[in-house]
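The following pair of complexes shares a single chain, chain A, combined with chain B in the former and chain C in the latter.
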Partner chain A sequence: MLKALSIVPDKCTGCMQCELACSYEHEGVFNPARSRIRVFHFHDEARYVPYTCTQCAEAWCQLACPVEAIQINPHTGAKEVIENLCVGCKVCTIACPFGTVNYNQATGKVIKCDLCGGDPACARYCPTGAITYVDADLTAYERMRMWAARTDTQAQASA
Partner chain B sequence: MRYLIAGAGPAGVVAAETLRRADPQATVRLFCGEQEPVYSRMAIPYLLAHKIDERGTWLREPGHFEALGIELVHQRIESVEWDTHTVRRADGQREHYDRLLIATGARPATPPVPGMDLPGVRHCWTLGDARAIAARARPGSRVVLMGAGFIGCIILEALVLRGVRLTVIEAEDRMVPRMMDATGGAMLQAWCERKGVRVHTATQVLGVERAGSDTLAVHCEHGAVHPAELLVVATGVLPNLDLVADGTRLSLETGRGIRVDPWQRSSDPDVFAAGDVCESVDWYSGERAVYAIQPAAVEQGRIAALNMCGRPVRYAGALPMNILDTLGLVTVSFGHWAGVPGGESVRRAEPGRSRYLRLEFDERDRLVGAIVVGLPEHVGVLRGLLQRRAPLGAWKARLARSPTRIAEAFVACTATTGLGDAASP
Partner chain C sequence: MGWQRKILRVNLTEGTCTPEPLNMDWAMQYLGQRGLATKYLTEEVDPRVDPLSPDNKLIFATGPLTGTAASTGGRYSVITKGALTGAIACSNSGGYFGAELKNAGWDMVIVEGQAREPVYLLVEDDEARLLHAGELWGQSVWETHQRIHDIHQDPLLKIAAIGQAGENGVLFACIVNDLHRAAGRSGVGAVMGAKRLKAVAVRGTRGVRVDDPQRFLQVTTEKKRILAENAVTGQGLPTYGTQVLMNVVNEIGALPTRNARDVQFEGAAHISGEAMREPRPTDGRPNLVTNQACFGCTIACGRVSRIDKTHYVVRNKPEYWKASGGLEYENAWAMGADTGIDDLEAMTYANFVCNEQGMDPISFGATLAAAMELYETGAITQEDTGGIELRFGNTDALVTLVEQTARGEGFGRELGLGSKRLCEKYGRPELSMTVKGQEFPAYDPRGIQGMGLTYATSNRGACHLRSYTVASEVLGIPEKTDPLVPDGKPALVKAFQDATAVVDSSGLCLFTTFAWTLDDIQPQIDAACEGDWSLERLLEMGERIWNLERQFNLAAGFTGADDRLPERLVKEPARQGPAKGLTNQLGKMLPEYYALRGWNEQGEPTPETLQRLGL
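For the complex of A and B:
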């Protein structure tokens, strides 16, 4: 069965280990600005919300890519950027309504969560269990997918 | 069932793949009018900039269509007999269809000025154009770019990266006038000028003439004459309506493009249209609109295909969106960035840092449009907020104070967080 990231904001303490782990895993540096996961701080409510790609079924990024540079990894189900095909046009960064595909000026390519090939560093290093890697059916991210279906400009089943 | 698809751009290709998955028994024939592998026009500037080779422009890997059982046919469809459900190909053969998708895209507009047929005057639209431009746009060549719209600006970067001496002529009062307001357009122009590009806005090209064996003279308003080895024309695109224009008689209902209903169906129930050739509706106003953009083309291709094989899926309308990287400055626009009647505008500009954010809300506190300059992080959430079409509640006031908090607003307004529900204080 495919697995997915499960994110429970209630358990997040804002320690930012996930951002550092992601950045180190992908870029070899501890730099939150290079992370594919981002923790949003809501100071007014004293809450933290880790946020990254849900590998959504709609895959707006993949559909919008003009050169087939976003492909599904058959082992993990992740939508991955194929670096040597990406031309850096950034259409995926505006097509993704979750804002989870970003442009990396240093490489001229886009970056997004690739589930680290099946062992996501953010989940491995999360000390509180706010981020876990679990069977896809169980994830709280289903709610985000439902959200996606509701606001989808593409597909609204007609009566 | 026998499906024919006229046009192998992004809309046609996505439609063919969707039809194949949705109707495994059917015949799916994809007609490509150019004698080239199926390629992406959007990738051409990156080819010119030496970032990729021609293979990098291909929309799909070799063998992809054969492997899926999609019949790729390199024949232009010349005409359609609607009554008999028959198309005529360029080689004269006729083919029957049960359902036809017209995805013939757009073609570049040719401005009505003298000299547009001279050697050295090129559109930048096809791989053939790209090869011709590459031959003339050499380091040190003098090049004039006519038109600083979205396509013009992508080509602008490619030409600069090729090392040419570039002059840009734009008829309107600013660069990318369909994508940026005066503030954003001025930032982009200042940025380009700092990079050594000469930009003349509010200037018409009056005509072009030969000024030597390999040199052109580009005559502009106010008496300026620009000598050039190459003139690249990027003055907009027009839907390819050849198939529906039979002399003076139009066979399908058309406006600026082929009119389609929310199921991408034309006025002929067995004919659908998708992509740059079709006139859909605006996602917000419901008014008829042709937005010739990649994301809309692929969405329409997918929806047309599902409806063609009897799976009713309604399109909620096209959302304009563009992103441009001009020599390192990223500019983005979404939706009704010029605002809507009764709405409210929030703007933060830092010209010295080439940063700008403009958000437009309607009278119900819904986000309806945005302009972003120099702040590309998480910019996709603007699409999410626009599509959500829900009042922003407390986040409206927060965004009015701090418009850069768009990603937080999106995360807070989505159900996963249990936070900042639109109605909460």
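For the complex of A and C:
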């Protein structure tokens, strides 16, 4: 059964622990500038939104890659960049509609979320539960539950 | 590691930016941030300099845990000789700026000299440049923030700036980063303004490494759990922010009200953390929009508020309708209880203006309160105030004067000098609620005895954040002491002062100590930094830092006679509440404190003390 990242922006406080965890996991250094997940701050509306790759079923980055450097990890379903195949042409960064594949000047390769091989550090370190790693078929389960809880179905004694 | 081992020296007179290696011998003695920058300042600046002269220096300093995944590891401090006090200043701030500076590869930036024309400093990793700030001068912090992002087309730049207050020589001007986090006290923004440095903009992509990453991750994860499970850091602070204190402190009769004439405020409930969460009758929405974390913080106590659009103060000012930094406890006290005002929306507006124009709301509110008492006692009249009826509780006066003070207009120009100079000018120095020229914050020392000694001996002038004995005396952390008795407080104050100096030198936030003791912080420092950082070593370092700051102040001309409180607190008994009839017993506590510190009766460290601490 595949799992996927579920992001609930309402719960995000903008603390950046996910970016710290992601960069440490992949680069061995605390460096938000190299994080595969980014927290966007919409200051005037007081909203913080973590955003990263959703692992499209039909991944345009993968289709666009001329050297087959983006491949599916069969265990996680993640579309992973095979570093030694990537030639840094950046076509995938153009193909991705969501902007979640990015070029890394330091290495000359692209970087994107790879779900950390099945144990995403961002979800592990998120202190508020804004980022979780859940059943890929039910990423909206919590939201569904929340709305379910709001329905007025108080048991009523029959007269 | 933990350190980047590199500092940036910026000479504004020469227009140069020069990297140099961090003095690691000093880092081993003073760790970082507050302690290490104080060492640099005391080595490089004559304590007798005029704070606003080119000879003063302004240091932006991070700690070894700044920029790491340790909870709250995003702090930086600004160290200089304070414009308001003439004493050493060390103002600590959160937000994202400090971590960005560290990520760019710098432990600190030392700014010296004075620019001929206004400039701002741009730091992009290794590259640092001074750029003309002509078009930014005269603009607010918020406008400057926007303009710098536009000019460089880089939304990821993190910016610390002064507003009009810092340019206009408001002596309690602060430095604001990330729009509403501030290096707030003692007038560090006035020093920056005098140097004609408008802003520091930073982009960092180099990252931060720690000495033992595996141990560091394990121990920081374990300690984050303690914060999450603690009632204060896990529930109280995220829910109500520091405003969780308003009703509590009012109840125990320690809320200085109307310039500390009273110690309880009848309007406290209207300006409390609870009130910020109540839906307003006008629009059905609460003042508080959400809480916000600073970099790396798993507590998230920050307040983000939206002012009621229909409120008369902002009805015609749509630029203030968006969400921004809301009231923290000290601000709500200063601009509320201390001025006798209980209009939460107007106070939020005044708070926005303080952030927008770079002004310390504690000193501003307390100075306004002193001015109100001057007015009510007849020492000043409408002739002095430009027609403003400066009575306690006058919301319009707050709104008008917060704008005037920032802009250096009208009676605001006088408020901008702080309450000490204001009250001296009008012949009533006893009405200034200051120590060493700095306004004391939101805890009345008649109802919380330890805070009297805290204010009197604080090296940066009256301040709660040098030894927050409220934790023990009110909240029972780490253990409960009686707030109404002075016994045992000298030892408590000394212990808190030394421990706080350690926290302030690490890159972590002091608020963690509601849940953590130094036993929890020590292993995080030890895992991040090379060398053996034992608890004993850290505690001795805290004491060393305290004494080094003291030495700076003594050399600057302060004496033991300056370790005093406003007369009101030691002569006029509290008029209501649990502390009714009590004054602060500073006279009883101070000699014992000096003895515990290893200082002589004049409050000077003895040669033996200095030698023991390696000073």
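Criterion: the second predicted complex is superposed on the first by the 139 of 159 C-alpha atoms of A that agree within 3 Å, B and C clash if a C-alpha of one lies under 4 Å from a C-alpha of the other, contacts with A are read in each partner's own complex, and residues count from 1 in each chain.
Everything that follows uses one rule, which is that a residue touches a chain if its C-beta (ideal position, glycine included) is under 8 Å from a C-beta of that chain, and two chains touch if they have at least 3 such contacts.
All values reported here derive from a predicted model rather than from experimental measurement.
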Discussion item. Quick check on the superposed pair: does A:T13 touch chain B, chain C, both, or neither? Answer first, second, both or neither.
Written reply: second
Worksheet item: Counting only touches as set out at the top, which of chain B and chain C does A:E45 meet: first, second, both, neither?
Response: both
Worksheet item: First (chain B), second (chain C), both or neither: which does A:V87 touch?
Response: first
Worksheet entry | Residue contacts on chain A - larger count, chain B or chain C | B
Discussion item. From the superposed pair, tell me which chain A residues show up as contacts to chain B and also as contacts to chain C.
Written reply: 45, 47
Worksheet entry | chain A - residues contacting chain B, complex | 7, 9-10, 38, 40, 42, 45, 47, 49, 51, 60, 63-64, 66-68, 85, 87-91, 93-103, 105, 108, 140-141, 143-144, 146-147, 151-158
Worksheet item: Contact residues on chain B for chain A in the complex?
Response: 10, 14, 40, 42-43, 46, 51-52, 56-61, 262-263, 283, 294-295, 298-299, 302-303, 306, 312-319, 321-323, 325, 328, 330, 332, 334, 376-384, 387-389, 407-408, 410-412, 414-420
Item to complete: Sort out for me which residues of chain C touch chain A in the complex.
Response: 67-69, 71, 74, 96, 99, 103, 156, 179, 204-210, 213, 217, 221, 224, 228, 238, 289-298, 300, 304, 306, 322-324
Worksheet item: In the complex of these two chains, what residues of chain A are touching chain C?
Response: 13-17, 20-21, 23-24, 27-34, 43-48, 125, 127-128
